[in-house]
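One structure is given below, represented as structure tokens, and several questions about it will come after.
Chain nomenclature is as follows: A, B, C and D, assigned in order of appearance, with residue numbering initiated at 1 for each chain independently.
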Amino acid sequence: MNESVKHYCGLFGIHGHRDAARLTYLGLYSLQHRGEEAAGIVTFDGKTMNAHKAMGLVSEVFDEKTLHQLPGRMAIGHTRYSTTGSSTLKNSQPLVVSYAKGSLAVAHNGNLVNAFELRQQLEANGSIFQTTVDSEIILHLLARSTNKTFQEDLSECLPLLQGAFSLLFMTERELIGARDPNGFRPLCIGRLNNAYVLASETCALDIIGAKFLREVNPGEVVVIGPDGMRSLSPFKPKQRSHCLFEHVYFSRPDSYVFGESVQSVRIKLGRQLAREYPVQADLVMPIPDSGNFAALGYSQESKIPYAIGMIRNHYVGRTFIQPAQEIRDLKVRVKFNPIKEIIKGQRLVIVDDSIVRGTTTRARVKSLREAGAKEIHLRVSCPPTKFACFYGIDFPKRKELIANTKTLDEIRQFIGVDSLGYLSLEGLMKAVKRPDDYCTACWSGQYPIPFGDEGDKFALEKHAGQGSENC
Amino acid sequence: MNESVKHYCGLFGIHGHRDAARLTYLGLYSLQHRGEEAAGIVTFDGKTMNAHKAMGLVSEVFDEKTLHQLPGRMAIGHTRYSTTGSSTLKNSQPLVVSYAKGSLAVAHNGNLVNAFELRQQLEANGSIFQTTVDSEIILHLLARSTNKTFQEDLSECLPLLQGAFSLLFMTERELIGARDPNGFRPLCIGRLNNAYVLASETCALDIIGAKFLREVNPGEVVVIGPDGMRSLSPFKPKQRSHCLFEHVYFSRPDSYVFGESVQSVRIKLGRQLAREYPVQADLVMPIPDSGNFAALGYSQESKIPYAIGMIRNHYVGRTFIQPAQEIRDLKVRVKFNPIKEIIKGQRLVIVDDSIVRGTTTRARVKSLREAGAKEIHLRVSCPPTKFACFYGIDFPKRKELIANTKTLDEIRQFIGVDSLGYLSLEGLMKAVKRPDDYCTACWSGQYPIPFGDEGDKFALEKHAGQGSENC
Amino acid sequence: MNESVKHYCGLFGIHGHRDAARLTYLGLYSLQHRGEEAAGIVTFDGKTMNAHKAMGLVSEVFDEKTLHQLPGRMAIGHTRYSTTGSSTLKNSQPLVVSYAKGSLAVAHNGNLVNAFELRQQLEANGSIFQTTVDSEIILHLLARSTNKTFQEDLSECLPLLQGAFSLLFMTERELIGARDPNGFRPLCIGRLNNAYVLASETCALDIIGAKFLREVNPGEVVVIGPDGMRSLSPFKPKQRSHCLFEHVYFSRPDSYVFGESVQSVRIKLGRQLAREYPVQADLVMPIPDSGNFAALGYSQESKIPYAIGMIRNHYVGRTFIQPAQEIRDLKVRVKFNPIKEIIKGQRLVIVDDSIVRGTTTRARVKSLREAGAKEIHLRVSCPPTKFACFYGIDFPKRKELIANTKTLDEIRQFIGVDSLGYLSLEGLMKAVKRPDDYCTACWSGQYPIPFGDEGDKFALEKHAGQGSENC
Amino acid sequence: MNESVKHYCGLFGIHGHRDAARLTYLGLYSLQHRGEEAAGIVTFDGKTMNAHKAMGLVSEVFDEKTLHQLPGRMAIGHTRYSTTGSSTLKNSQPLVVSYAKGSLAVAHNGNLVNAFELRQQLEANGSIFQTTVDSEIILHLLARSTNKTFQEDLSECLPLLQGAFSLLFMTERELIGARDPNGFRPLCIGRLNNAYVLASETCALDIIGAKFLREVNPGEVVVIGPDGMRSLSPFKPKQRSHCLFEHVYFSRPDSYVFGESVQSVRIKLGRQLAREYPVQADLVMPIPDSGNFAALGYSQESKIPYAIGMIRNHYVGRTFIQPAQEIRDLKVRVKFNPIKEIIKGQRLVIVDDSIVRGTTTRARVKSLREAGAKEIHLRVSCPPTKFACFYGIDFPKRKELIANTKTLDEIRQFIGVDSLGYLSLEGLMKAVKRPDDYCTACWSGQYPIPFGDEGDKFALEKHAGQGSENC
């Protein structure tokens, strides 16, 4: 994946295990790809909610000492991406508050399209906001509900939310998972001995050895307490609209989301690409590691041998020092080094998952040329990305998306390849079992949830701009 | 001052200076003694409130980089003491929120006695709390006011607060200072060219070269905006009850608070001590630095020569490593080294500001004995400290206060001195111009503001215990 | 590669470029796999040698500020592995000294077998040692030489060294590279415009866009000064003995060392493995990433499809928190997650580069079984590792090497696979062009350089133990 | 003391105590004033020398963890000042080396005047230097000695050193203290139960509760081993020349050095000042804390009341952020705040220990004027400082010393005081018991040890400049 599609958030919760914080830490570890810039865990020890949150990778945020300060048999955790800077620590999750019914923690993955309206209403009624994350809005709504039980509050408030939300709540008794009726973002349920686990992806169940039970259904709220798990359905049923980008890029290939194995979807994407854009070539190579499975699929379908022609430097961290101006293009080389002996004189099919701005792809192609590639045929395992996402993904601005400013042939020339093939939307749909259950807005522009005045695109994008701080 | 009376908070605000953050940093530097465990500054740059807060000393929390991230011509800052631990970062001030009227920042010095009740009412009406500081209660009250102007909101809400509060607010237009009608905590007004300054003590005006105009009056609210300063009086007048401990120990000797020069009050305390407890002796020595001025006063009145007989090690930081068990008493020696050549064979008058638990004093006396003192006469510049403070000071629990568990002679024996003299309450009152304007609750038990059921002392102290997290 | 074969050191030097420090930083970045625990750069700015060294990854040791403090057009850098702890900072390289001929810096990759004897002789003659690295011995020898020129000193001293050494020297005029006559460790020469570059592997030339000229020959000393590069041959010619483990595991697959492309050697190893140990199976899978190329080779030769069946978590850092005892085996799972959908019901060929203790391999096999693998056939791309290395690799102690304590069938049972095939030594040799030019001691026990009394194995290993601090 | 006379080094050693590292830590704590920029401790545990050294204050360099890594019953420690920067970590002491006779650690306070010559000779004979501290020269000399015992080596080598040196050595058996025959720098011996202690000042004995036995004599070497302490005299006797600046400024007032109580010398200096420069005034005030005792003496002699008229902010750390240009003079105010109520309308005698550049004094005087002082009479407790020190003190360059560029009246005018009195050299000598045993070079220019060509002052100062890195 290229330079600028940001992951959003990862969720993990566990109820009924004496090692709750440590298991949450491990779960977040495996969800690190969903948010690299802040992490937090909140536990409940029977009396107090204990929280530790900080900017940084999960491995940087937690150590033995901080884990020891998080006792309890119940925990929720969160990884997030955000614009960097210490000032945004306050936006890290889970959020914990005290209110009339006691203590309450919440973690959110997604984006509310009516966040602005809800916040304005709440402020008009005297609410104060200390962060800019959607979770705080949800907490205010719940605190203003006056039902007898928290479940009733949930049933009253969650339907007020519009947009994408997979949510974890922790009260002083229960762990709760909720998923919006469209089912934009994934959320799954696991079991580890007597403990229940909720997580964004199944890879977080694998890491702790938990058994995958099932996904939380779109529109379902699962309440896990001392007496086990029960299910609520506070929403009106809606047409599902899972995020197809989860399969194309976001989710880990070893996860199972939306009823499918991610890697197997990616292999199918690669096979379909080979059918749509066949070419005479000597080798099929992925952009490692995001293109690995699609490249394998292309190779299997086309019978062109699979090769590992670029080495990715996994030591490259977030603090990499910029090379001097004159050695600027080296940045790409720092991350990926082409292997001359493999590439020289060969006709290559290169498979990547998407193109955003195009500049990184261009630099890579240039370095493959310098390594002696005879022909370079780029295959992209999804259609051109043209539209903003209002449901939880942070793309660059529309005018920075190369597919909005150039024709296909201009893109091909800009990137410098001999041929370019984007998977068709139809081809993309074929790779999943129930294509109608997916959102394709970033490629098709067909938004499953409206967001106000469609004529005023600018307002929408401004809103999205503000929303990009949310998670 | 002994081991366990905790300072509380320091406030600094400035309006109308392009170096607002840097001057606030300097002001907080000079107020460091009022809170060593966290510091924060919030500026307003015409568009955004910018905040930086962290655990640690002012010099640790801020550097050039963080100051550069705090642009604007208006700022408020805060130093606080709190129980340590990263989890309490959230309790550091100033608090900044967004609400119906825009952005608002607040910093608080004092303690509300009706915090618990106010919070319960607010929660019952749907408020959520992310911290345990009184400031958040005040913000909720203001946000729920529906007047046309912020000033009207203030006039409506501030009278709901009971207890001790010196407050700074920063809106998007104005810097505001408020002081409770009893005037428990100090707050003064200064001028630096065209800028106005508000600060807990005048030493913070001196450090930036600002001119001291006057103190904010008890019950006064000063509003400093583009058009200058104006004054509001939203409270009913009350009998003043300034904290006399500010003069005895808390405030810096070079400050001017409650209409008096702190050092001159302390010299008077020493003189009065000499009158109340004269003794034949060779030298008068302070416990440095807290007893310096009272010892000077004692020396002046008694004509016994003043000596510097203990050297204080100013490198002793908060992270001092405990000596091994066998060398335990050395801890006192690390901080204060008696000078044998001065002490040997002498009859000493030692002057300190107060005795809390007594263990530190005892260890010091022991080391003076080892240095060869012939006689040791301890003089304390206030009466025995026996009662909890509900207005912003964190004393140890009542049963840990030595004056509550031992008679005077038992204390003398425990500490190991030849004679012991505590200043009388009457003597203490003589040192200030208007004795009736002071609170003496920690010595007399006469609380100027009631706090619920007087019969239920336990509940009160529990409340105070919870309140001790406030500032 | 398994848990305990430690990389040793990476070298990078450049002469004649105004961005010397920054390019050295980049070069070390690409050599990070050769030593993850300390890094250092020394530059010469025409007057002074400037050094910065610290424990940690290259990305942690250097930042913009430290690079700015390293001016000059000439630099050498070093990455090393060592036992951790601040006390070993002193052992980090390059070492810089002042001596009769001026300033001198040195960096070393390898291990001297006569280090102990040389050091004893030097101490007997009055030398003092501040570190335990071989480089300091070399500096003492040079400083005690009394020739007119540094080159003559080198010609006198280098032949005194026995063992493995690729060396970089920086004087106040020249950058010098030297390689022992056996050629144990790699060292290559590159060109970037007018600058010369020396580096352990060609991947460090690629990252800065330098052109690969040739390798430094075994026994060659190259002197790069203002007038260009010239070559010295101070050693008697010897039979070459390149480290074959560089091809099997150490070097990066995109490097070219000892006259061969590393990845192509690895593919040949895989192909040969397939010929030696064919099996009926459904999928060939590497242990990522070390087994990637050998697995590709096995797949190509056997026609069994290549699969990516385990996902490696690249976020796993050095500070990973141990899971609690009960979840111990999860450590393996944290790093590698098997993909059930791929593995379930399949007969797998798993390809890895080597087995050291066997415990990690065993845990991985267990997790593949749990994922549903029907059969597991392990193929190892080198012979059983049985003997200590005295030329720069830090294997575990001999008795910890599983191949020394168990028969092949016992290993197979211990690891839990259906079949096990180690590549034969003959097969290994076939993968390189000039098999006689390689050292195979760790597999064959045939040591190209003797190290004292062969009967006293214990002394030798003790010596190796001490030597393991060297680099 | 003013802005730029740098302390040099503090030494502490202990033999025969199981808490050796911790006691050394405490000792260094009390010697912190002798060097604030780096600290180190080396212990010997019967097998290994364990070292921990870092830049920073003693409290920053050590914590429980590092102390635990320093086992053993014998230790030496060192605090030093040096120009800052990580590159000088290598210059921190104690230095530890391995050589023919085993391990050896050394710590040095002072400055060798023949360091340059010795180093050149050693380099000519093949020595390499990794630091620029004198200690390394001493180690090389010792390592090149070929006597049977270390004591014989010492007796051979120490007489080769010229200049000021108090030295601690730790071998694998013994703790050794040595003092140059002139006795420039202090060194004392203490006893704690069965353990022996060596320290720069007696305040380091006090802090650990050790008993002061006596000072190491000039020219004496004390060797403390398992069998107790014995004394060597390897030097030819010389006229003593103790550093009188130790009494005036460097040593702690609670220490006893050169046979005198430091505070009592300072009081005598103040009394003598009052006799030499009497004046009609209302108050005598010290520049805190360096002028405290001299001011007391002045007050006692003159009968003018002693006052504390400036408050020193002890929170001012080394990382203080510079105020913006327009508020530059505030830097002085940050550190010292005059108390207006005391100063206003008063005729003040201000007592300080010395004037170096004069700019800080001038700024302080200015702030006293602003506080309303009617007259200011400055009294300095030593003569004008005019000459460089080659024996361990780092004064600014001669032309930066105000006494070298201005007449007394010009200084008075520059500083802005009504009268100025420097103590006479004769008056200074009267304050100590044996005036002939002191070095007065910085005031008189009479150097007790020659340093080459007296005509070439520039060379000398250049040498001193280089020497200033030494300790």
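Operating definition for what follows: contacts are C-beta pairs under 8 Å (C-beta built on N, C-alpha and C of every residue); 3 or more make two chains touch, one makes a residue touch a chain.
Bear in mind the structure is a predicted one, so any value in this text is a computation, not a measurement.
S.K.: Among the chains, which is located farthest from chain B on the basis of C-alpha centroids?
M.R.: In terms of C-alpha centroids, the chain at the greatest distance from chain B is C.
S.K.: Need the CA-centroid distance for the pair chain C / chain D, whole Å please.
M.R.: Computed from C-alpha means, the inter-chain centre distance equals 49 Å.
S.K.: Averaging only over C-alpha atoms, locate the centres of chain A and chain C and give their separation in whole Å.
M.R.: 37
S.K.: Can you work out the whole-Å distance between the CA centroids of chain B and chain C?
M.R.: Those two chain centres are 61 Å apart.
S.K.: Among all residues of chain C, which ones touch two or more of the remaining chains?
M.R.: none
S.K.: Name the touching chain pairs, would you?
M.R.: Here the touching pairs of chains are A-B, A-C, B-D, C-D.
S.K.: Contact residues on chain B for chain A in the complex?
M.R.: The contact residues of chain B facing chain A are 50-52, 54, 66, 69, 85-87, 89, 95-100, 104, 123-124, 126-130, 139-140, 143-146.
S.K.: Could you list, by residue number, the parts of chain D that touch chain B in their complex?
M.R.: Touch list, chain D to chain B: 19, 22-23, 25-26, 29-30, 32-33, 57-59, 62-64, 67, 203, 206-209, 252-254, 256, 261, 263-264, 292-293, 296, 300, 305-308, 310-311, 313-317, 319-321, 323-324, 326-327, 329-330, 333-334, 337-342.
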